[in-house]
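In structure tokens below, several structures.
Paired with subunit B in one complex and with subunit C in the other, subunit A is shared by the two complexes that follow.
And now, the complex of A and B:
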């Protein structure tokens, strides 16, 4: 089990990526507190599960100060018999006026993979914006069909779509990090 | 904003009606035997009740959701029977009860016009009329006690099959002490054009209400059932714990609409579940305004290919209220689809929680589901939570969940105010607009009533 504690202070901006490809950690807990006014946190989670991988990824983001902003982006692709468990809590405490908390997870499942997602919100303040969105599914049939009509095999088309699937989250990271992760992804798809 | 005076409760009147018979406070095996013998039930039903009672004692109350620690099961009357016999015609219904209906405001014309009015007063349905049209179509629409006498085979076949007593502590409680509720059977390919309605209210101090509703829609049929309730104010806590079981057979469609406006001391803990077979369509429309604590998650179990389920949930929590509501959809079969939409409003320190479950079992290929919850928080004292769970065990699915929480938009308010509309009036309009997608699914008179209630909650006055 791995615990990651993050504290974001006044006007501080943090981007915390967590990449799980061929990983060994089976449970990761992120606890983040935004304690100073104007604190800004972005959590990025990228996951590729295969075989009998089983991952628990929990994020718990607490907004304690006014005008704090948090974004959690999770993208995961799971093959074979892999299992993904994801609890995402965004808590806006009393007094965190003008806070903005968002949680998004997108999961692609293949084969016998299983996914469980609980994106929760606890809101004690009324001057705020908070939301979450989660999707679970497989690659869009129309996209697959389009690529196949251009002569790609089903496997190739899938691979292309999956690598594109991670792009929006990757673009939030630094250039070097992006290159590193892309290479890692290509090897593992 | 104009403050809402909480002691003002429009339906907070209390008739002096003397119960003909009621059990002692508290729950023992003796109570259950008494209820069963009072109702002259067959032995097998007593057996079910006693088994359920044992389950009730063995199970624990849920620790999640609302605060149930103040709920005292020993302070509740489990059975109260208001009149000796069932009113067959309107003239036979006792005057006090008619007065109550006048106060609730069932229009005169509606009483005659509606296909059937089952009015539950205390634990038993006292007035029940079935129009000739329904009888001619072979539709059964009676209270569940009568159904047990007249159609024992139907009950034997379906009672407790969709929600077994072992499901949860409160379902066990209801099974042990149930009384009243509606029993509906719609034969094959019969379409019931008018919504079937049941008005009921709790009307004896400290009394629990445990109605049991069973709806069977046979292949290709359609029925819309509407329940709406208002209750008088009591000083001590009351419990309402109903069980609603619905079976939607192949190609049938059932819509179940609830407007719940219990007075603010009632615990409203209800289990509702629908089994939907092949190509069937089941819908829950659930509006929760009253009670101190509501825990209710209407569920659709999509059992057959191409079954569809929909849950529309609306919650409004004012001072000292907690609405823990939501919906569940479980996909067992391929090509099934479900939609859950929830809208909640919290105000004056009220708390709303959306709690939901979406589950897709392996083999339910090409299933689709969309869950959408929106919450409005009107002041800094109030609270809103969202706890959705999604468990997906099948790869060929399309699942989406979205939630958003916000206050009333400054720009929206500004727009209204720039047009000369007061802040209070603007807030009412914005809240009404926010819940409109659910309100428009209600029958007209309920939509009117609901808008009126929201307005009352928001400003303390109608008009």
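And now, the complex of A and C:
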């Protein structure tokens, strides 16, 4: 089990990526606290699971100060018999006026892979913004057909769709990090 | 027969309902055939089943579908594409995060594995194709069809056709959603592919207007899953005057 603790102070801005490609950790817990006014945190989780990989990924983000902002973005692609389990908590504590917490996850499943992603909100303040969006699904048949009609094999089509699937999330990272992760992805799709 | 697109007595049903009830057509290189027909005549079923969409299946007894003599029935969509078939779709699909350039490059390599074109030369071809349909070169780096207007999607389908140089192209209602200027541009680009690459065209449409620009060699009227009549451009005027009932 791996525990990652993050503290974001007044007017501080942090982007914390967690990349799990060919990973070995089976359970990862993110605990983040936004303790100073104007603290801003982006958590990015990128996952590719294969074979009998099994990953538990939990994020727990607590807004303790006013005008704090958090975004949790998770994208995962799972093949074979791999399993993904994700719980995402956003907690807006009393006094965190004007806080803005958001959780988004998109999980793409192939073969016999299984995935679960459940966001939850805990709110003890009235003046706030919070939201979540989660989808767990299979590759789009129409997209596959469109690409195959242009001569791509099913595998090539899947690969292209998956590489595009990560793009919106990658674009939130620094240029160097993007290049590093893209190379890693290419090797593992 | 070699160098031809041949379908004979095609029958196809969707969800147990018989849609195509014996359609036959023969298209030679550089020929333009138009298929017109009212809603529900089976136009989309024809297009989707020819391209091998898994949701549309042919009944293959007593039927034929050949490109340059080769049987297409038992081939996947990508194999049909490799045999020179292309569809400009009525509703082009959006794919997030995949650039038009990366997509076309992958596609071109799959269709022409023996050709080794440097990326810079390939880019030039793409830019040229985009220019032909009045799309600026920035479209090359955009995600496939994402955020495109209806007309831009249609023009991008034709740009893809120009880059991929198919032997036979089915254009499914390429004219719907296009304004008059775009229609003229698209018709000209299609005419260019016919001339330059000898692409045989099967143009599926509701409307007469594009036919006056493209001037098909043959016009076929599809009604209730069958081709009721085939003739030259004069047939279009007849339909214009008296509707499909006049055929």
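As a working rule, the second predicted complex is superposed on the first by the 189 of 189 C-alpha atoms of A that agree within 3 Å, B and C clash if a C-alpha of one lies under 4 Å from a C-alpha of the other, contacts with A are read in each partner's own complex, and residues count from 1 in each chain.
Keep this in mind: a contact is a pair of C-beta atoms (placed from the backbone, for glycine too) under 8 Å apart; a residue touches a chain by one contact, two chains touch by 3 or more.
For clarity, every value in this text was computed on a predicted model and none was experimentally measured.
J.: Judging by the criteria at the top, classify the pair subunit B and subunit C on subunit A as clash or fit.
T.: Superposition result for subunit B and subunit C: fit.
J.: Roughly what angle, nearest 10 degrees, sits at the C-alpha centre of subunit A between those of subunit B and subunit C?
T.: That angle rounds to 90 degrees.
J.: Contacts for A:132 in the overlay, against subunit B (first) and subunit C (second): which applies, first, second, both or neither?
T.: first
J.: In the superposed arrangement, which partner chain does A:114 touch: subunit B (first), subunit C (second), both, or neither?
T.: A:114: touches subunit B, not subunit C.
J.: For A:164 in the superposed arrangement: first (subunit B), second (subunit C), both or neither?
T.: second
J.: Please determine whether it is subunit B or subunit C that touches the greater number of subunit A residues.
T.: Result: the larger residue contact count on subunit A belongs to B.
J.: How many Å separate the nearest C-alpha atoms of subunit B and subunit C in the overlaid structures?
T.: Minimum C-alpha separation, subunit B to subunit C, in the superposed model is 13 Å.
J.: Which of the residues in subunit B come into contact with subunit A in the complex?
T.: Interface residues on the subunit B side: 362, 375, 377-380, 382-407.
J.: Sort out for me which residues of subunit A touch subunit C in the complex.
T.: Contact set of subunit A toward subunit C: 140-143, 145-154, 156, 160-161, 163-168.
J.: Taking the complex as given, what residues does subunit A use to touch subunit B?
T.: 94, 107, 109-138
J.: Once bound in the complex, which stretches of subunit C touch subunit A?
T.: By the definition above, subunit C touches subunit A via 51-55, 76-78, 80-82, 86-87, 89, 92-93, 95-98, 102-103, 106-107, 110-111, 143, 160, 164.
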